[in-house]
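Order of writing sets the labels: A, B, C and D. Residues in every chain begin at 1.
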Amino acid sequence: MLRNTIPWLIAACAGSVIIAAYFVPSAQGWQDTIGQWFEVLASFAFVLGGVNLAMQNLQKISAREPGWGYAAVTLMSFLVTLGVGLFKVGVPADSSGSRWGGSYQAEGSAFWWLYEYAYNPTISTIFALLAFYVASAAFRAFRWKNTEATLLLATAFIVLLGRTYAGAVLTSAIPEEYSAFTFPGLTTLIMGVVNTAGQRAIMIGIALGVAATSLKVLLGINRSYLGSGDG
Amino acid sequence: MAWLQTLDRRWIFLAMLLAVALPQLLQVRVPEKPTPLVLNVFRKIEELPEGSRVLISFDYSPSSEGELAPMAAALVRHCCEKRHRMVLMTLWPDGKPLVERAISRIIEGEYAALGLQAGRDYVNLGYRPGKEVVIKTIATSLRAEFPTDDAGTPLDDLPLTAEVTNLQDLDLLISISAGFPGLKEWVQYASSPLKLPLAVGATAVQAPQAYPYIPRQLLGILAAVKGAAEYEVALGERYPNLAIPERQDAVRRMAPQLWAHLLIIALIVLGNVAALVSRPRGGVR
Amino acid sequence: MTTATSSRVWWPICVLSAAFLLWRAAVPGGPGMARVYVKPAPAEADASSAGWLAARPDESGAVVSPARTAGVWVAALLTLAIFSFLYKDNPAYRFAEAVMVGVSAAYFMVAGFWDGLVPKLFIPLSQMEWGTVGEVGRSLLTLTPLVLGMMLLWRLLPRGGWIARWPLAFIVGTYAGIRLLSFLEADFVSQIRNTIVPLVVRDTDGLGFDLWASVRNGLMLGGVLSCLAYFFFSMDHRGWYGRVARVGVWYLMITFGASFAFTVMGRIALLASRLEFLFDDWLWLIDPLGKRPPPGL
Amino acid sequence: MNLLCRIPPRRYWFAVCLGWVLCCCGWGAAGAQPGEPVPGESLPGPPGGLEGVDHPGDNGTAIDLRWSLSIDDRAEFKPRRVKGYRLERRALPSVAGGSEADSSTDETQVFELPYGVGQFVDRQCVPGRSYQYRLWAVGPGGESAVVETAGPVTPRRQWFDGTRTGFALLLLAICGAVIWFTERAKRGKSLHVREIAALRAMREAVGRATEMGRPCLFIPGIEDMNEIATVAGVAILSHVAETAADYQAEIVVPTTRSLVMTAAQEAVWGAYLKADRADDYRPDRIYYVSDEQFAYVAHVTGYMVREKPAACFYTGVFYAESLIFAETGNSVGAIQIAGTSEATQLPFFVAGCDYTLMGEELFAASAYLTREPQQLGSLKGQDAGKVLAVVLLLAGCLLATAVEVWPGWDPPVNALRWLTGRLLGGG
């Protein structure tokens, strides 16, 4: 009851109220209030996550699991970053002479240094790895197998060329009145007609999927996130 | 041709590295021409009367900076040239330093001679958590989310924002977006319900998602580095002082693009040649 | 490649690179790469800004900042460590991964504290009043997220972790309502409205018909309808219906091909900007933005 | 301030100074200060017919105002004879028993409006209070005569947002269909749905992992529980976990949000209970990594390369990491099944994974996997929504075509206006 039914009732009531409030002018701000609460709850969730991370790594270290040294590195960098961020280490003092008034990521602070030289470069580098994966995926996946795969391949080919100056140069011999058949022209056509149609159908479908799934949550048909095991 | 079938993908990685690194080291430049979707945005900013209020939301994190920073810079430069008054903000927690960097490098750096003043010519609202809820809230009340600017000054004390009640008091919205929350949310909660002109800069991944919103909910898209490069060229044609390499970051970045694109095209061809020659049964998937 | 040959290849490369870096960074009279120069912030700037600002090497009053120079080295080495994963998993990558996870998790906690909890919870809590009925109501509203957050953190205690389901259910329930509305409104309704186009389009002069625009509109509507047919769950993809759904799949494949190719550009831009950091800020091999005086001056 | 924007740059400083002086003097009290007339310019003509009405379907805080432009407000006149309009609002003393809010509002307020604009929505009103408006045009030659609203205007609070009627109808139709089909299914009506290959493959993938003695990796997306796709992903997780529990395969779920971790732990625990294998449940296999997308990616790819999972499931919201996961998973030889609601990422999953649930299929998956009648009923509801979409599209396009072909004929014009403006226009 307390573990399963009440949480579902909370979800059902809260969701229904939000839907009804949407149509009442004086209650239209409720969604924003919920949004604010969610922000606060998300901040609490960071604490839950941080403690979970610290516990996992402590466990690895104390059990001397393989790779426990890396767990120690994770734990150290976590604690150092948390410390300098929460205590505003190195934040330049504001007019009152205290660092507490300054921004926690003010230029020159220890937290700023970690952000600028450890956080930022590493995440952008992971992101940059994608350039390599795009190349290997292109080599591996775009094969002339059946109609569907061929369409995928041909479109990618045309758009790739159309998005560079090379495409414009290759088809520069085509006269102005047939500009729709140049690579940039074909790209615009594909993006504007076929891609738009495909995207719209996907969006309409997803909207219906979201609506049905939301309703299943509100009706209590989907309670898997509460661990009741029934889908 | 058997080697193509068993090609270690690390050779592909190496080829990609060279295709991007060499043009950068040799500093090659390739030409560029603005396309209509970019020109729509350019013309809108150009046609707004001087001193219009333009909101620019930096909805990306450092991880997309390579792709989006040049267009953010180009848009901010254009607003400076036209003396538009800028309201800057971000919906991404790690976007805050990016806004500050744009201010210190461009507004207070390159355009130091104009003497643009914080609060009068531009306002940095900073970051508020809440994602799309922030947009929804400022659509009706700017002060409900941003009672003060990033430095803590009440909006009523800033000449630029003193008369701005909500988004409807702005002349143009621009979102430079790398995902959620970003262009889709600006369309959903700002341009679509309020019928406000919205221009977006998008990463290449986001851009296809923006096309369905054209032209009703979006007036134009700058798609990835290419869009930024085209914008820089358009800017350079109108303002010759911006047609120098230091102000055309994206144009410079198009050279590695060209070679990497050609490499990928070559890889697709090679992959198919390999498949045709050895005629595998089944296939990769 | 066996470990022995691999190390025979890699050792000389590492030694050569180290020597190259040493020459570029440390040899007096060499390029002096990776150094970051700063200057004191101007006196008239408000006191809340940093004490030091980035500067060009040739500016008056510019000095090398040891912290920022070290930062560039750390950033460059972490960047290389991550790129090394492309060759194979190795200790350098595992170290970088460990640092990333630790720093970023803490980053979000700190940002959540200073940007979330402080302005959205602690400040409102400190301003609570209990005088009138309206004030009591507002104060209770302010307390709600605190209570929900505490219930969530209950999970960290050894017993009664199930209480965290309540705030979870609250969030899932309210957002089920919010998303139901926003997706139906913004995606379902507005995409249908955007797709309502005339199948026959008049010329701009209003006399004849614009064949090209009509065909485009027809292709668009046909595409949306056939893709929707593909997503239909109640009918098997057989017979005429299967053919329509197949056309839908074709549309989807073209959409995906286009999206994929469009994306390539962004991914390359990201790689280019990382390499630019290595070549420009760290190695000082190129200087596209004119950040430094040309060598020899 | 719009007025100042149009002053040539050399007069900009002067204008700013003037603006400040005006602000400081409390320029609201007696209306605006008269502009300094430029010699040789005539006064602009006044605007006409100022009308104010309550803004419909709102909380009583807005008034719609409308007027006809001054005869001098035309684009042909260069330089412009009308630089803008000033609208003055005067709050009338409220009737006895006015609330505290009344006394706190300014008695008069002036809005600066640009030229060429004939309407304005005053959104700063107090519900139930009456306001009187005055409007005049401002030009280089000075200010025009003043026009006033015929009488006081009072904004009223409404209980139903009338602009959203159309949307409410559609919402009722779609939700009604889902609920109706669900109820019908509960009563035992058999329902047929087509095959989805990816879902059949899920069980096989877990089986393969068991045979190879390697773990199954489940990624419930990188967004929080406030995304419905994550909720759908967690529902799929509970089925995969049940199969895994059944086969005694190991399942590992790294998450990027601690709320998702909480929900995933609950879901997997529930699944193990259901499979009667509660002793095998290991909560430390469902753990939080970092909220940062790419730190999470670094961890997961590192995990994949080291532990070589035999089956990888990606369901929920994905961004750039989709391709990194798909390519890394492919390089370690895992069977990969993906499903996402992010249209931008579908191409990468389609290219990189063995099976992909496209868009809406992700939300249908849990219904397929449970085969519970209620869940299948909701699928029928989704289909009803698609039928509705097709009908609306066809009707709309036919009407739009009719409007285009017979431009002078009114019925299709009105019908189209009702369809796009009322039914599909709300919200």
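Heads up, the rule we're going with is that a contact is a pair of C-beta atoms (placed from the backbone, for glycine too) under 8 Å apart; a residue touches a chain by one contact, two chains touch by 3 or more.
Just so it is clear, the structure is predicted and the values come from calculations on it, not from any experiment.
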Set of chains adjacent to subunit A and to subunit C: B, D
Farthest chain relative to subunit C (centres taken as mean CA coordinates): D
Chain pair that, of all pairs, has the most C-beta pairs in contact: A-C
Geometric centre distance via CA averages, subunit D-subunit A, whole Å: 17
CA centroid of subunit C to CA centroid of subunit D, Å: 20
Set of subunit A residues in contact with two or more other chains: 19, 22, 31, 36, 38-39, 41-43, 45-46, 48-49, 53, 107, 115-116, 119-120, 122-124, 126-132, 134, 136, 138, 140-142, 152-153, 156-157, 160, 163, 191-192, 195-196, 199-200, 202-206, 208, 210-211, 213-215, 217, 225-227
Residue list for subunit B, restricted to those that touch at least two other chains: 9, 13, 16, 20, 63-66, 94, 129, 132, 205, 208-209, 212, 226, 257, 260-261, 264, 285
Touching two or more other chains - residues of subunit C: 46, 48, 53, 82, 85-86, 94, 96-97, 100-101, 103-105, 107-108, 111-112, 116, 120, 152, 155, 165, 168, 171-172, 175-176, 178-181, 183-186, 188, 190-192, 194-195, 221, 224, 228, 231, 252, 255-260, 262-265, 267-268, 270-271, 273-274
Subunit B-touching residues of subunit C, taken from the complex the two chains share: 46, 48, 53, 86-87, 107-108, 111-112, 115-116, 120, 182, 185-186, 190-191, 194, 255, 258-259, 262-276, 279, 285-286, 288-290
Residue numbers on subunit A that touch subunit D, as the complex places them: 19, 22-26, 28, 38, 41-42, 45-46, 48-49, 52-53, 56, 59, 119, 122-124, 126-127, 129-130, 133-134, 136-137, 140-142, 152, 199, 202-206, 208-217, 219, 221-222, 224-231
Subunit A-touching residues of subunit B, taken from the complex the two chains share: 7, 9, 12-13, 15-17, 20, 30-33, 35, 61-66, 94, 96-97, 100, 129-133, 136-137, 144, 208-209, 211-212, 226, 254, 257-258, 260-265, 267-268, 270-272, 275-276, 283-285
Of subunit C, residues touching subunit D in the complex: 82, 85, 88-89, 93-94, 96-97, 100-101, 103-105, 107-108, 152, 155, 164-165, 168, 171-172, 175-176, 178-181, 183-185, 188-190, 192-193, 195-202, 206, 217, 221, 224-225, 228, 231-237, 252, 255-257, 259-260, 263
Footprint of subunit D on subunit B - complex, ascending: 9, 49-52, 63, 83, 120, 140, 159, 163, 165-166, 168, 179-180, 193, 205-206, 208-209, 285
